[in-house]
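Got a structure here, written out as structure tokens. Questions coming.
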């Protein structure tokens, strides 16, 4: 059957990864109709939702893990995949199991998770530190201490792009690393505004305020331009998810030699488990429905997981597959995953609306030097307090 | 007595030397570089530079290779002219897994453009004609409503329109998309046509009515043949708007195979890849802008004339 | 005189009766159906729909779950919304003034019987044919400090030269303005030029006999005479300002921080980024209210003042 | 011309634009084959009335009858009228022939018939050699001829003209005026003609209707209107240069105006006013006698020429008389200079007398 | 008026628009305080000449002198001229006062002086009570008065008028014409006045220049122009209705035209043509004698009235004579109907004779 799949994976590596799905799907004698829309979720989501509301949905579409699709499920617009999940034994193979929880509403499963991405990384340029005559830091604390020296050497200690999600994301990473898992869960999962005002988080806000100073002097918009500054050794480090590794790889850099990576900022060895999942809108045509289920099963099949995640640079959602050749950093990630040093992705706790508010707040703070850490802390707690 | 003047005249004619002596004659000598000329042409030139610069940058960049772009400055002409970016933009750039560049959407854009432009210009011209010559009670109210519609951002209307089209059973069809373009092009075009027809002498209309021509006969036989300039204006505005549209094209098309060219452009330009391929971006941009640009340059003076009739009066 | 009594005629009787109001001018009404439909169903209907749903808690999908004025309270307590409005005001003000001034100045210069008028006119107008996505992209690039203008000037020797509007929250709106004006002034110039050509030449002669300088004649005499032209221009510019969205997305994505957010983008982010339709609808309702407040005086001038024409 | 069977008949016509009443309870019967001129100053409603007759404007109230049919609600093309406009209103993109035949083709008249009618109209108007040209390539006079031709081919009973000549220059106007008169003499159609040019009105009309503010002030033959204006407005309006008016009081057989008592011996009163009644006397410049004619004048006076306007065929002299500037029309050869004294004579028989209050003719 | 010291003097003026020669080697001296009217049909270059004098157009060659100064290259505002336009060209957004004072304020004339001049102009033109209004709230005549006022306050020696009255209706035109004449009598400025209305030209002018195709065909007093046109063009152009022309041959003391031999006894030849020379005789309608005057006619004939145009003060009769339609002007009271036979008399002394070839007056 012809299945139209919508997604916003259009960059080189991403498109490559999608191609793996498509190849596998075509190999089963079906047709993959590719509906790629670049510009990220904000551009693609209105199109997907419009198509669903308009009654002419694609056969499958990509959303991030989390609560983005909750309403669609509640409105009964998405296909129930529980029978596929049971047949394939997803409950046993998906690791961490929280990924499946995010797909589950009232005990029914509505999505097929395909990969794991984690935000909890800091990437450092070894050459930059060498040039400045410094040792490469191994923790955030060391990084913060060495930052002034780096600045004196004419380098930007911390590369940060201009978009709000990058700044809020980096804050999330620092919160988990510096305030610890307990406080982080209390804020994100339990929406406890008091924790935000507590001592653990106060430390995070102060560190974040310091980080703002570390990023002076580099004005870039896109995250990969910030990564490029680390690759070119003009910046010391960047806090960014594991997808940044693709950029290092493309530039021909080698983990450990040219760059270092610190999961959990080197403070707390823990990863969050975000990622992408596919959803399947309900269709009238039983043939298509069958195809949708077939596709869902295929997405989680071991071979497809390996080929897809190798191309995308993400981790597979099944614990029972081996990625062929992995570098030092990926191995660190896999180890943490295997050891269960993981928390769910922040987005699976917070509604998109809340995230969008936090994005705005953090980017405002980042770009308003006059705004103090205490002020932003206060506003942060307000947003958490009003979050659903 | 009459002869005195003639006499004086003959005298003057007989004394060309004397005439030469008594000061300036003929046109005031113009200094080519008079102050006002320097100011006028200087200003125009500088401003023209500001307007032409981006086009220049686009063209120059689209002809450079990536290495040259990285080292050189954006205004420098290409050391080595390469058409590779154009080729890539046209038929190699990837959209998701389809790597056939803009060419994929080019004909789709035409398929959307042609019916949309024809229909919207046709409807807007009839609207303008009715509004200026066949007013009826309430016609101005509807027109005012329509004009307020010109101020509504498209994005705001997205969901209501999706729902309307769904209810009409047109969602996802070309007809639906064309209707959306027609609706959103209607305010400004109706305004232009209305003003244009209002500037046509009323007596012409009356004469035709006495001659027994009805609503449509007057429109087709009398008004249409004299409205070329305003049609050119409407055509340009609509072609530009519809060709450049991204949101409607992507939202109201049911299959990726039928996406307009702007979707590919968006994908090429907005895909976050290692380094932005500026040369390909620019080539794609130029290729996409080509159709409106060609139509605009081809129309030349008619555009200004149409504007004069459609925007100034009324 | 009672001629009708002497010659009763059925056909004449029919013609003598005043026809029903609904069927008078029927072809015109039929021809206007598309307009009426668009105005009432699409624009008015869509607007009402939007306003209604702005009072709900709609998230990703429109749902009639009432939220009272919550969305509006949230809207007006949002810094981003306030910043958006301020930005739009700044952009609108300067864009309006800038477009009118530049458009008029260029038109006036072109009207001075200069050589190569057609060439200049084409150069000024061509950006109008390009989409905002393209405009934003090109200008983002030219204004990029590492690649564009700043870099070029520095390469020429002025190493201290700094021009980086898109990354400076204080002047980022002016970075947008540079691109916005580039795209939009051409059309206005055309309209102004047409308007200037329509001015009675005797006025110019009268002013010259009175010894009024050219610039002063423009300011004191010609501009006040071009009211209808300015009205049309205002409508066009105004509609463009309110809808400002693509350019921002293409050039700055609202950054740095939230310093170049605009209402239309707020709406979009709320609706599709934040998946809070109700919030987006509330914001767009507020935009509409502002538009209507601005438009009512105009509509009054256009339709209330003179009854025909 | 019998008004028992009028060609066009307007009954109790009212027309308002919003709150502005443009025509008020207007009644008018126009005879078969009559040439009626609507004359009045700008904005008095002439064009409006013509448009109502043509069916191009809807009356607020009242009826329009043409040829015994109530056409109040009929389409313009069904009324049996042809119309000629001031601005010609030719269809610019059609040839002259196209312009002439447009209405006929609309009405699906057979080809042969169309050709016949066009040939006839072209011959009458002498525009045969223009048939293939477009209006843009015609002079003003030729355009107006084509516009008349367009009405002509429709073969209608009633022609409506809305200031057809006022866009032409003086010479052409005079020529076309004569042609129009000839045309009417040949065709004998009913013609309703709007103008604000008195000369046109006087020379063309069988009857003139003088309008003011949407009402008809006087309806009559040119001679009646000129010689016996029924009220002050008409008296002032007709005649160029117009009458000189003197305020006075009727005292038996004289009217007493400042410095002069003019005898009213031969004046034909329609109603003789009481003695002491304030009245106005109006005297036309050409009715002031000078030179040889003085002998027959019932009243003479000496005046000083103040301003002299030679107009070629005659000369207009302005002089002070009875507290007014009186205009006197003299022969074109008259040699008068400002400051000259001259004798003038006044014949009240040719003058017009109006009640000061009602402004109606006495 | 001495042309040794002319107020405005045009010397060898040429003007072309591209290849089109609009004015050709034009010479014209205008006396101090003279009222000169430029008369000619549309497109003959009247406005162009006026604009050159005003400095609004640059001549291709030649000079313009005003008050003994060569102003060929001077700015319009420096030439000591004021100009009044057909379309009034008032500044619409300024009050009447603003319109009058705009130029003066710009020239930094002292406030008191401005006030004085405005007061004077307003008094002369009787627009005192309009000073605070905007042009939009004025009638046509009032607007034209303000436009004249704007020239007046400039306190200049030379006034230029470009068809100032042609946008007004007939009545107003006659009134303002008289006012203009008065104004000139009072102010004694030099005035150059463009029109294509003959009556205006005849009544206003001290001298008239008849233009055709950028050349002056005749320059002279109204009486000269009217009575002794120097060529066929002027003869045909002046007079409304115009002369009737007959082709003929001069045979000794008669001119032989179809069916008639008209005696030329009293005609004042400027140059007597050879016998047998083809010539054209033009006869003005008012010089055709009827009724009582017939007795003094050197030549009489009986004709049939063909078309009668009553014009109030006189009546125009068209009749066939000598193979042409001759126009005859009769008294307003004349009772002639088409078809009537009437006797007419012709006095060649008042007629004009032209050489057929050169079209110059004989």
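Letters A, B, C, D and E name the chains as they come in the text, with residue numbers starting at 1 for each one.
In this text, a contact is a pair of C-beta atoms (placed from the backbone, for glycine too) under 8 Å apart; a residue touches a chain by one contact, two chains touch by 3 or more.
Just so it is clear, the model here is predicted, and its values are computed rather than measured.
Of all chains in the assembly, those touching subunit A and also subunit B are C. Between A-C and B-D, more C-beta contact pairs join the chains of A-C. A straight line joining the Cα centres of subunit B and subunit E is 51 Å long. Per-chain Cα centroids separate subunit D from subunit E by 26 Å.
Separation between the centroids of subunit A and subunit D, computed from CA atoms only, is 91 Å.
Multi-chain contact residues, meaning those touching two or more other chains, occur in subunit A at positions 46, 53.
Contact of a single residue of subunit C with at least two other chains is seen at positions 62, 268, 271. Residue positions of subunit D touching 2 or more other chains, listed in rising order: 78.
Against subunit A, the residues of subunit C that register as touching in their complex are 59-63, 78-80, 145, 164, 167, 169, 252-259, 268-276, 279.
Contacts from subunit B toward subunit C in the complex involve residues 36, 40-41, 43-44, 47-48, 50-55, 57-58, 73-75, 123, 126-127, 129-131, 134-137, 139-140, 142-157, 159-161, 163-164, 182-183, 186, 188, 190-191, 195, 198, 214-216, 236, 240, 243-246, 262, 265-266, 269, 278, 281-282, 285, 288-289, 292-293, 295-297, 300-301, 303-305, 307-309, 311-314. Residue ranges of subunit B in contact with subunit D, taken from their complex: 201, 203-204, 206-213, 217, 221-222, 225-226. Across the interface of their complex, subunit E is touched by residues 200, 202-203, 205-206, 208-213, 216, 220-221, 224-225 of subunit C.
On subunit D, the positions that touch subunit E within their shared complex are 41-42, 169-171, 174, 177-178, 181-182, 185, 196-199, 202-203, 222-223, 226, 237-242, 284-286, 307, 309-314, 316, 318, 329, 332, 338.
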